Every structure is written in C-alpha cells, then in structure tokens.
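Structures incoming, each one as structure tokens.
Here chain A shows up in two complexes: once beside chain B, once beside chain C.
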Partner chain A sequence: MKTTASFLLLWISTLLTGASLSAQSANELRFSIHSFPKTFDPVLVDDDASETIRYLTGGVLIRINRESQRLEPELATGWKLSRDGRTITFTLRDGLRFSDGTGFGVADVAYTMNHLMDADLHSPTGDAFRVGEGKIAVKVLTANQVAITFPAAVVGLERLFDQVAIMSQSSPRKEMAVLGPYMVDEAKPGAVIVLKRNPNYWKVDSAGHHLPYISAIRLDVQPNRDLELIRFLRGEIHFINSLDAEYFEKVKAENPAAARNAGTSLDSEQMWFNQVPTAPLPAYKKIWFGSKSFRRAVSEAINRNDLARVVFRGHAQPAIGPFSPANQFWFNTALRPHPYDPTSARARLAAEGFYWRDGALYDSSGNRVEFSVVTNAGNRYREQMATLIQQDLSDVGIKLNVVTLDFPSLIERITRSFNYEACLLGLVNVDLDPNSEMNVWLSSAENHQWNPRQTSPATDWEADIDRLMRAQASSLDDRRRKQLFDQVQAIVWDQEPFLYLVNKDALAAIRPELHNVQPVVFRPQVYWNIEWLTLNAVVATRQ
Partner chain B sequence: MKYARTVAALLLSTLVLACVFRDQLTPVGYDHQDRNIPNAFRSRQHLLGTDALGRDRLARVLEGTRVSLVLAPSAAAISTVLAILIAGTAALAGGWVERLTASGIDLFLSLPWLFLLVTVRALLPLNVSPMTSAVITFSVLGCLGWAGAARLLSAQLSWLRSRDFILLARASGCGGFRLLRRHLLPNLMPLVYAQFWISIPTFILAEANLGILGLGVSEPLPSWGSLLRELDSFSVFGWNLWQLVPLALLIAVVSCFHLLISKGEIAA
Partner chain C sequence: MANARRWLTKTLLGMLLTTLIGGFAGAMLVRFAPGYGVDERELDVRLSTKTITAIRRENAQQHNLALFYMHYLAATMHGDLGYSMALGRPVRELLSERLPETLTTVGVGLGFAWSLGLGLATAVVLSRDSSIDALASILAGILLCLPTAILALWFFLAHASTRLALGVIVFPKIFRYSRNFLLEARSESYVIAARAKGLSEIHIFLGHILPACAARLVSLGAVSVSLALSAAIPVEVICGLPGIGQLAWQAAMARDLCLLVNLTMVITAITVVVNSAPELLKKGACA
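Entry: the complex of A and B
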C-alpha cells in the first residue's frame, strides 16, 4: 500500500513538474521574491516585493539611472524646477497609452499626485513630498504640460519622482493599468506572480524593435534563501539579487561566471553606544559612552579588515561614514576608514584616566570596563561580527558581552526603554540623497539612535550637525549642499556616534543565458535595466 | 536491548570523559580565534576543522557537550522538584485546590513554550557573562518545564491516595507532609526518576532550539544549539561534513538517554 502511494505521489509530482516546465516559455525570465507583495497600488508600496512589482510595471516621469546615478527622462520629455524650489513643470511625452489602451495625459499626472498626497491613504511614497503646511496644487498648463506646486521647497524633488508610478485617471482597471514595461498577468497569493509584456510600452531599440525583449517574468514567492540558491544552481531561476557572501562563494565555486560582484554597496553595518541621559544605566557608563575618546578608542581597537575578510569572506569593505564610496556624488572622498590601532586605542584610554590591572581595563573610579552589545538574533553575520569585536576589545582589556535578542525586544530596548548599552545593527540605504537621512542626523529625530528625540542638541557637535543638515536641506544648489554634507560626514567621522564597521558588497548570481545584465550597487541591482535584458544571444547584440 | 544499553552507557561515559579531559585533547581553547584559517578542513592541529571564525571545532563541540551535559540535568532537577512540590501540595490539599492546580497545569501546558521562553529571556539582564547566560537559559528552561511532569505526578498521587495502604495510614492518624514523605513519595520515586531522566534530553533539545534561533547561550561559549546553527545554510555545508559532528552527537546523546530511560521505565 505504501509503495503504491509512493508511486502515485511520484507520478503526480512528475505530472505537475512537467506541466510547470511546459508552461514556462523560452522567453520567460524567472526569479524569486521573498514574500508576496502587500499591494499592487504603487502609492502604498512599503515592502520589497511590492517595490519589485512597482519597478517592473510602473511608468515614471523621471528615472534615476542606477548605473550613472543621474536623472533620465521617461514619461516626461523634460522638466523645469522653479527658482524657489516649490514648483516643478513637466512636459509629457505624446501619444502614450496605458497597458489597457487608455490614453496617457496631464490628467493622469494630476490624478496620481492627488492620490499620492491623499492624507487618508498615508502613502509612504507620498511622505517624502510632504513639506510645510498646506496642500499641493497641480495645474494643467497645456495639453502636455503640467505644473506641480508644493507648500514649501522640496530638496532633491526631481529624484523623488523615480518612486512615483503614474496611474490612470480613467481606466476601470485602476492600478492594474500601467505604463511600465510589464503588466500583471496572473497573481496567485503566496505562490507566484506572472508579468507579461505591456503591449503599449513606448520604448524601442535602435532597430525599432519594441522593448522589453523578454516577453514574460515569473516571480516565484520563495522565502527560503537556501531553496532559492538550489533552484538557481539547477537553472530554474535566472538570477538572485543581494546574495549572502557564503552563497556567493558557493555559486563562484560551481560556476565562476555566474557570480557577479557589483562592488561596495550603499548598505552599512554599524555599532553605537547608548547616550540617552535618562537611560537606566550606571552613571559611570554614561560617562564612558559620552566620551569621544572612549568611542574613538573602541573604534580603533576593532579590526574592520578582519570583519570584512572573515565574516563576509572578503566581500565587504571597512566602512567610513554614513555614505559608502558607492554614493559617487555625496561621499566625502577626504575621509578614510578608521585604522585598526590597538596601541593608539590604549593611549587614548590612558589619557582619559583609564588604567589596566591584570590585563583588565578600569576607569579612573575603579570600575571594570565591561559592557554589552545587543544585536538581532538570527543574523549570523552580525553575531559573528560581535564575536570578533568581543575578541578585539578583550585585547585592550575591555570585556564585551554579546547578547542576541528577538527583533521586537531589540526594538523595544533601543527605541522605548533605552535599556541597553551598545547596539550593533545595519542600515539599508535606498536613497542617494542625504535628505533621506534627516530622520537620523537631526538631534530631534526619532532615528537619532544614540540619543533620539532631543528637545535641544545635547552636545555642540550635534548642534553643528543640526545646523548643517538644515542648511543643506534648504539649499537648491547641489554643490553647496555637498559642501555642507561633507562637513556633516567629517563631524560624524571625528565624533563617532556611530562606529561604522563595514559596507557589504552588492553580490548577485546571474545565469549565463541572461544577457545585457549590468549589475549595480543601487537597488534593484540586477534588473534595473529590465527592458534591455534578454534570454536571446542574437537579440543581445542589438541595442 | 541490553547490548544497546551497554553501548549507550559506554558512549555517554566516553563523552563525559572527553569533556572532562578537553584541555588535554585540544590544542587551543574553545574561544581562540585563528582568523587566518576560518572554515578550515580537518587537520592534525584541528581534528574537526575550524568554524567560521577560525575556532577549533573539536574544542567547541566538547565544551558545548560539557555545557549541555552539566546544565541540562540541573534544569531537569529544577523542573522535577517544582513538579513534586506543585503536585504534592495539590494532592495533600485536595478539593478545589487540586482542581485549580490541574487547570493551572493544563493552562501552562497549552502555552506556546517557545514564545514564552523568548519573552522571558528578553526580560533578563543583558550584562552577564556567557557562563551566567548559560545558567540562566537552563534555569529558565527548568522553571518553565515542570508542567508535564506535574500532571503525571498529580495523576499518580491521586491514584495512590485511593489505595488501601494510604487509607490505612490516614486511619492511623498519619496526615499532611508526614503522609507525603513516608508513604506517598517512596511510591512516587520511580516515576520521579523517570521524569527526571526524560527531561534531560528534552532540555538539551530545548536549548538547541533556542540556540538555533540565536537565543541560547551567549558567545563565545558554545552550546549544541549554537553549534547546530552552522547547519542553517544547508546548501553550503556540503563543503565540510565535519560540521555535522554536533548534530550526530546530539542525536547520539538523546538516543542514549532514551535507551537508558527505557530500562528505568521497565524497571519502574
């Protein structure tokens, strides 16, 4: 009976696999997403899977070229920003149609902007546009020109439109009518989404062939990264975005050409000390954590090269500051990573009155220097980094206790109770502009992690950062803004409220049959030029 | 069966001896990082290779075994004593106290223990040494793991209470804790021993579960749970099969305990 059942199961699975394989077209791109999208409405996107769908299906007025990091016209042939930075005027491309055939025009831009800024929707994308009191005004100037006026100047306004997928005002299909290269053809919740080529997509290649080259995309929902890797190695999916270092090594060992390193990413891993005055910590520890010399000494005692080499298997670089060198325009090139220098660390500590007894470090009041660092449980890389740092600090006499907590408990401690001493976490940078980090650097901000929600800056250098960040946010001159943000980076480098540890490399695995791929560090790393990707080697030669 | 039990006892004894003489068996400490040889294959210096941070895997396996084999029985002792106290008090009091205790035990058993453990652990102090964190972890396991044993002991005590010799003892004026100590406990002990031995592998596995989630014993102290976390990327561990040693040991030790317990249960 058992044998019969086994044969039956095998037969059914063979049938299903066969059916699945036969259903997969030769011109179908396949990759995995790690969860089912929460929404198909482009203004409500706040998760990675929904962002993937928005990027592949949404048509935007302006697109940031992920490779050059410059702005390029898409649905708008041009745009003009007013001198006061409050009004942007778009000139739209003529003759475009949504995927369902309805025409595209200024009314759709007006509808999208009003929908985006609808206070009842709480659009995460719309939040970036909310400045000052009052509402936005959308004015139709001509049949293909529209002006959008904001209550106050929005710095980096053009870049924000990269996230705004234009929706149709008149289509009965609402958000399912799109202007991007693909449209949703099938969506099975929790299992798969199939996108097919938008027949009305406007781009053509140099030979006049309509883009995109690939006729369909199959996105399998696969939360397990191991299974994703196995499917890639079997050739069932064409690429993996944001690969972990050990998986990258595995791909490299099996198929060196498939392992692609786009270079240092924008994401950083960092550690900080709790400097909240009301935190339930002993007073002497608050003195340590508030001391620049102590922070700098700890920083110099950490071997960042070892973190990159051992934990990330060489696929990371010692971090310098808020932005990695991958952010070509905003990164302060005058800064260098803090060196690993235990001798200098000891000298700094000695100058502050710390002393050693039997190899252990004590402060001037005789307190043994011991503190804990919390990080989220389940993140192997962070746990390993903490363990290496534990060893590094023990070499200068500091006892570090590594504590892993479930994420909700960790968030509770670092944002509400402030019952922690040091924390090790990462920051995912999705925007190149420093304005996106106002909620980190302003002393009054929620995410000013080492001492959030200050009523007035606790230190002179935080007051300086506040002033510089506000100044750069109110300037419309990018070069001036860059000068101001360079100063912020220099202060952060000197004071080290965050001990930046490493910037991971942007790693990807890409099957050789996928052509025209140019992986970059900026999301969505592999498929940022989706229209030009092809599974056909002949097509790949024409552009 | 007897042969299997002998092998189980021998294996456990060998492991205990290896843990006791760990310093003589391994050239370096369990926390020594040789950052030039992470994920190394087995060699003369490192008989089971090294882990991702270049630490000797054999030293860590033996230290992890020592931690589990010392602390799991301690946790089992805590939970068994708690179970005796709760079940004994309920049995002596009888009536509504017994019914309330039974309901409390049922309620405790219905709680998702893993979430309970995670919650309790999150409330503990952060600044403790790795060994203290290990002791705390197993103590929490012991304090939360009494309910199953208490239910069995309650049932057994209820049955014993209705036996003739207990009625006779009561009729002779024996009551309260004297009745529990002189008449009930001696008859309960085989079940208590069985519960104690059964709890040991349960707590070993519970700590391993927490460790796999990264919520077990703190670094750099190893435990079987943290050692098993090396296997969480199963698609890449094929490179070094020595990573499977902790898993093999865990299965072997749990199986050995069950073999030895089965003897105890038969005897009981």
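Entry: the complex of A and C
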C-alpha cells in the first residue's frame, strides 16, 4: 500500500513539474505571438503573426527605418524613380544568397513582383501597388539592374517596397528560402515556431562580425495576454511588443526598468455615427447623426483627457485626427484636440432646436435623445471608454446605451445590415502614407465606415475629401501632397465623421538581459532592429 | 450469432447517423449565428474593393446549408475534409496536427482524474474511516464548485502541467460516483458474509466489491471521456494548448463553417463510440 502511494505521489509530482521545464538556449530570443501564422508566403501575409515572420525572415529591397522613418537601402544598393512616377529602377547588391544557398539576382525580383501582382491571389501587399488598369512590366536591364513599370503613377512607391520580401525564383524550398536575418527552422502548428540565424545573411557589423547577433528566436503561440504577461514576469520570454496600459503598470511596479514607453503611437480609438441612408434606424435619429452640430456637440461633451487618464492610466493622448503626431511628416500640426466643453456642447444643441426637460435632452420633434454604441466584446478598454462616454453624455442629457458584440457580429452590423447607431472601434495604422487610407476616405470606399459605398458623395464636404484625396494620390510632389492632406485633416476635424478619442502610447515590456533595444512607435516596435539585438552584454558594448 | 451481427450493424448505423446529425446540427448553428459569412479582413484598409468583393464572394459560397453539407459529405467520401477559411489550411491537416495534442491532454487528464478519484474512493471504502471520507468529499466539493478557467489558470501559475487541470476538473465526478458505487457494494449481504468468514479487506475489495461495480465503473469511464473532451476546450484556450479544443474556439469565433462541422463530427463520433463501448463490450462478452 505504501509502495503504491509513493509511486502515485512520484507520478503526480513528475506530471506537475515535468512539463513546465524546457531546455532554453543562452543565445535564444523568446517572445510570444498571439496566433499561429496563416501563411509563410510573404505575398499572402494578412495577419500579425505572418507579418512577424515576414519581418524576421524576409529580405527587402528598401527598408523604412522605424526610428527615423526614412528609407534605407537593403538588397538594393540604390533606386531611381522615373519622372512620371510609373517606373522604379533598382540596382541590386552583388553576391547575395538565399538561406538555402541559391543565388539572388534580378530574376528573383521579377518573379516576386509578378507573384505579388497576381490578381487571383488578392495579396494585401500587392493591393497597395494596384493603380489603374493594366499589368506591371518588369524589365531586366543588366545583371544587377531591374526596372518595374506600373500602369499608372504610384505615390509613395518606394515606401511600399518595405513590405515586399523577395522570393527565390529557382529554389526548391520556395518561400522557405529567405534573404532576411532569420529562417524558419521548426514550426509546430498552433504551438511554436523556431527561427535560426540565416547563415547567408549579408550584413556585418563595424568589426566584421556577421549579423544577427542572436542565433535563434523562439516564438511561442500564446493567444492569452494574461499568460503572456505572467511568462514575461517569470523571465520565460524576453519582451512583449505591444502592452496594454494596465499590464504596463504591473510591469512597472515589479521592474521599472523593464517598462518602456516609446511615446504616442500611430493607432487611434474612435467613435462614429451611422449615416447610412438605408440603415434600419428611425428617421429622426438619421437627422441627428447627419448633423454636424450634433456630432460636434457629442464630441465636445466627451472628456478625452479623462479617457486617457482613467482608462489608459495616463498612457494615451487626446486624439486629433486620422494621423497622430507620431506621424512626423503627414500630421497636420495646425490642429488641436477638440476641447472638453459641455457648455459649448449645450449651446450647439440648443441652436439646433434641442431642448431639456427634467435634465433629459429632446429634439425639436420631442424625441428623447438616446442612442446605443456598439463595440467589440472582451476589449475592456473600449468597454471602459464607452462607460465613461456614457457618463459624460448624461451630463448633457443624452442617454447612451453600451452594447458589446463579438467581432463577427459587429462586422456584420457595420458592413452589411447597418443595424447600429454608433460604433466605437480602433484603427491600426500600418503605413505612414495617407495613400494607404484611400479605402477610408473616398466616399465610394468599403471602409468609409459612417456611410460606405456611396455612388456619389452624400455631402459637399465628402466630395471635397474625395477631390483632395484623389489629387494627393496623383501628385508626386510630397510637399504638395502634404498640403492637400492637411486640408483633408482639417475637414475631418471640422465635420467629425469620426470622433477621434485617444491615441494610445506604444508600450512595451523588455527584460534587462536584452540589449540594443530602441523601442519605437512604428511596428514592429521592439524588434525593428532585430539584427542588432543581443543577449550578450559584451557584444552590446561593441555598438 | 446472426442476432448479434444484426445488433452490431444496427448499433454501428445508429452511431453513424448520430455523427451525421451532430455534424449537420453544428453546421446549422454556425450558419445561422450572427456574423456568419463576414471576414475580419474586410476592415483591412489596405485591401482594394476588388479584393474585399472576392473575399465576400468566397464566403458566400457556403451560404446554402443543405448544398454545403451535401458537397461536404461527398468530398468526405474521397478523403477531402474541406478547407478552413479562417486558418487558410486544409481541415485534414489541421485535425491531424491538433488531434494528438487533445488526445494526450485528455489521456493524461483522465489518468490523473481516475488515479485520484478511484484511489480516494478505494481509500474511503478500505479504511472505513469517516474522516478520510469527509476530507475527500470536501476536496471534491470544492473542486466541483471552482470554474474550469480558474483551475486552468491556477495550474499555469503554479508551474504545473496544465494537462492536469483537466484531471482536476473531472476528478470530483469520478470520485463521487465511484465512492457511491463502492460503498453500495460494500453494504451488500454477500460482502458482509465474506467479512464474517474472516476474508481480508483487500480480498473482499478485489474479489467481491470491485467486480460488483465493474459494469457501472466502465459506464462512468465512458461518461468521463465526454466530460474530459468538453473540459478540454476551455483548458486548451486558457492555457494555450494547441489541440482541437483551441481550434474549436478559433473556428467558432471566426464562424468557420467547414472546420466547425468537422470538429463537431469528430467530437460526436468519439462521444458516441465511447458511450457505446460498454454496451459493445457487454454484448461481446455474452456472445
């Protein structure tokens, strides 16, 4: 009996402890991704995890320096844009090889571009290059020069190549043959991906040492953010790339040096009213939502500073418009956040014929001003923001109901049935150039959320935005484009189709043993300079 | 013999029909759930109108439920389980990668649950000590009250194997039922007679009590597999275990019809087979 009991105890203790311990290499960087990548094909990337793999393994012709936001040569030593903006000519670096030893040359660039622009693939990266009707033409000029011609001028063309990982035309390993600092060594679906150093990576440091410094990266698939934080605090992972404000405070309390705030990010949280004419809403509500004064009054009744202070623990700033000040070139510096001013909000509403009875607001037809805002369930920050907005609006007599929906149901409402009154969501800015937001600002666009797919602009100011956006998209002069987009930002600020609420800070948690880290606001915030990161303090001092 | 064969055929047909109905019920639930047929990618501002239209067209292909199910069954006959829209991979690949993980989790969890549950129930019966019974019952009661998510998180925080969380979730039910079965058998007259004849407690337990409960314990075993499978979904989601539980969650969140139908059928088939096993064994023994 005693022997059986001892055996049972031993078995239980083995089970309890055995699985949590795993061998970890000293020069292995570990962090979490929140889902398994949908693809390893760089052309088909449309999710965060695949984007991470593409960034770490893909070699690109031009890279945007995430810190300076300027372009830097990578596989191309130089490039030249034609005067009409349709043709870009690259001069390639000589003697480079893919991770499997296959040589790199102009044929690979041609192959990648043709694969990228294959209309049947519906590549999100390829879509950014798609202008006008017709196909691209790739012409090999010399052994190391290649010219790519588009059917029409593509504004901000060079920047788009930051997302184009060059694939090998001849390698039998297809997309697994890469030119970036790392290559996929092992992939256990749903669980882990291990990357190892690409032996043929071309970069060296000033002392002639081959980059990258870190020999392997282990990416654990961890969908649960709470467990990710616990693993960070235990020292099982080296960093968390994007951290919520509450978790940031926890990290700061445990280890102040590990909590890193890179400043205001490019992402925004915003609210909008449903202005779709065919939406199944009462006519009087459509009148409210279509009224600039009503939208401005609601905006002025919201205390954005409180949202930033209470919901984001001070790690956010009141938002101004489509781009945050972090977008150094394109942000319109003349604009300021809408002030919290309930008195002005009341005045605007009164001027529109609204009136108050027993503290509640009514429109000129006697309808009680009450509407609901939908947001995605499980996002506690949005739920908290909605609650604070509910309180703010009650101060001016508006009754706000908060409805949380799971994401597919929410998307169905805002894109198909239009059975909603207001929506609170966030926008992730993955590109600095306003051209990437054509699908938001054109009145005919799918993502013109407040009233998508218009056959002709419903309002004069939307017609103005259409005109300005098209004008900036057809100009190759960045200064001229900036002037035009400044006007778009000013119209959006004035009309408030989106009530921009806050821009969150780019927060990260980084363990002290990881050196050379310079977190930035642009994705990927922590590992943008992956080649230079090191777990070795001696190597770090070489920089 | 002919009767037995007829019975077996009938049982197998019943199992197949239940699995097919289970799959269809799963498909129906997904098809008519709010948010079916939409794709998160539609909110990606980088995508052109053409691409968004193509995505919508792709999703609209599965709108006719009866047609989808017929095509699905026809393809299944040829070994094609379809394609997961959300994960962008063939369902067959996903199942072959994820099923072993869940089977391991369920196996380890059930092993732990049965060792602990039946072990404690045996200790209660053999010791005839009311304090052991009280302590074991309180432990089972507490664990029964704790939500699955809390237990799974606790195991993670304690650096313990999260597979054991599943065992702890199933343990209280195994303990309670097996304790009751064993105590009931212990009070049977032939057990009292055996004790009066001076047989040792171990002999009585192995020779009289356990055989008397065997059939009911086998049935409990079948039920425990179903319990473990349903508990595997929250445990895998919370602890990040890459099994079919996590896959089912992802499929439900993305309204991935094809993947969910396959998962429903797999889980239904396992449940039906396991629950029919005691009867099959009994019939087999009789034959």
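Please note the rule applied: the second predicted complex is superposed on the first by the 520 of 543 C-alpha atoms of A that agree within 3 Å, B and C clash if a C-alpha of one lies under 4 Å from a C-alpha of the other, contacts with A are read in each partner's own complex, and residues count from 1 in each chain.
Here is the rule we go by: a residue touches a chain if its C-beta (ideal position, glycine included) is under 8 Å from a C-beta of that chain, and two chains touch if they have at least 3 such contacts.
If you're wondering where the values come from, they're calculated on a predicted model, not measured in any experiment.
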| item | value |
| --- | --- |
| Partners on chain A (chain B, chain C) - clash or fit | fit |
| Which superposed partner A:130 touches (first chain B, second chain C, both, neither) | second |
| First, second, both or neither for A:247, with chain B first and chain C second | first |
| First, second, both or neither for A:391, with chain B first and chain C second | first |
| Touched partner set for A:446, first chain B, second chain C, both or neither | second |
| Partner chain in contact with A:230 - chain B first, chain C second, else both or neither | both |
| More chain A residues in contact [chain B versus chain C] | C |
| Touched partner set for A:406, first chain B, second chain C, both or neither | both |
| First, second, both or neither for A:383, with chain B first and chain C second | first |
| Once both complexes are placed on the shared chain, angle at chain A toward chain B and chain C, C-alpha, multiple of 10 degrees | 40 |
| Contacts of A:371 with chain B and chain C, given as first, second, both or neither | first |
| Contacts of A:103 with chain B and chain C, given as first, second, both or neither | neither |
| Least C-alpha distance (whole Å) that remains between chain C and chain B when both complexes are overlaid | 5 |
| Interface residues of chain A shared between complexes with chain B and chain C | 226-227, 230, 405-406, 409 |
| Chain A residues within the chain C interface of the complex | 8, 11-12, 15-20, 35-36, 38-39, 44, 46, 119, 122, 124-125, 127-128, 130, 188-191, 220-224, 226-227, 230, 405-412, 415-416, 427, 430-431, 436-437, 439-440, 444-447 |
| Touching residues (chain side chain A, partner chain B) in the complex | 225-227, 229-230, 244, 246-247, 249-250, 306, 309-311, 370-372, 374, 377-380, 383-384, 386-388, 390-391, 401-406, 409, 419-421 |
| Chain C to chain A touching residues, read off their complex | 33-52, 54-55, 87-89, 94, 97-98, 101, 108, 112, 115, 119, 153, 156-164, 237-240, 242-243, 246-247, 250, 253-255 |
| Residues on chain B engaged by chain A in the complex (per definition of touch) | 31, 33, 35, 38, 52-54, 118, 122, 126-130, 133, 213-215, 218-220, 229, 232-236, 239 |
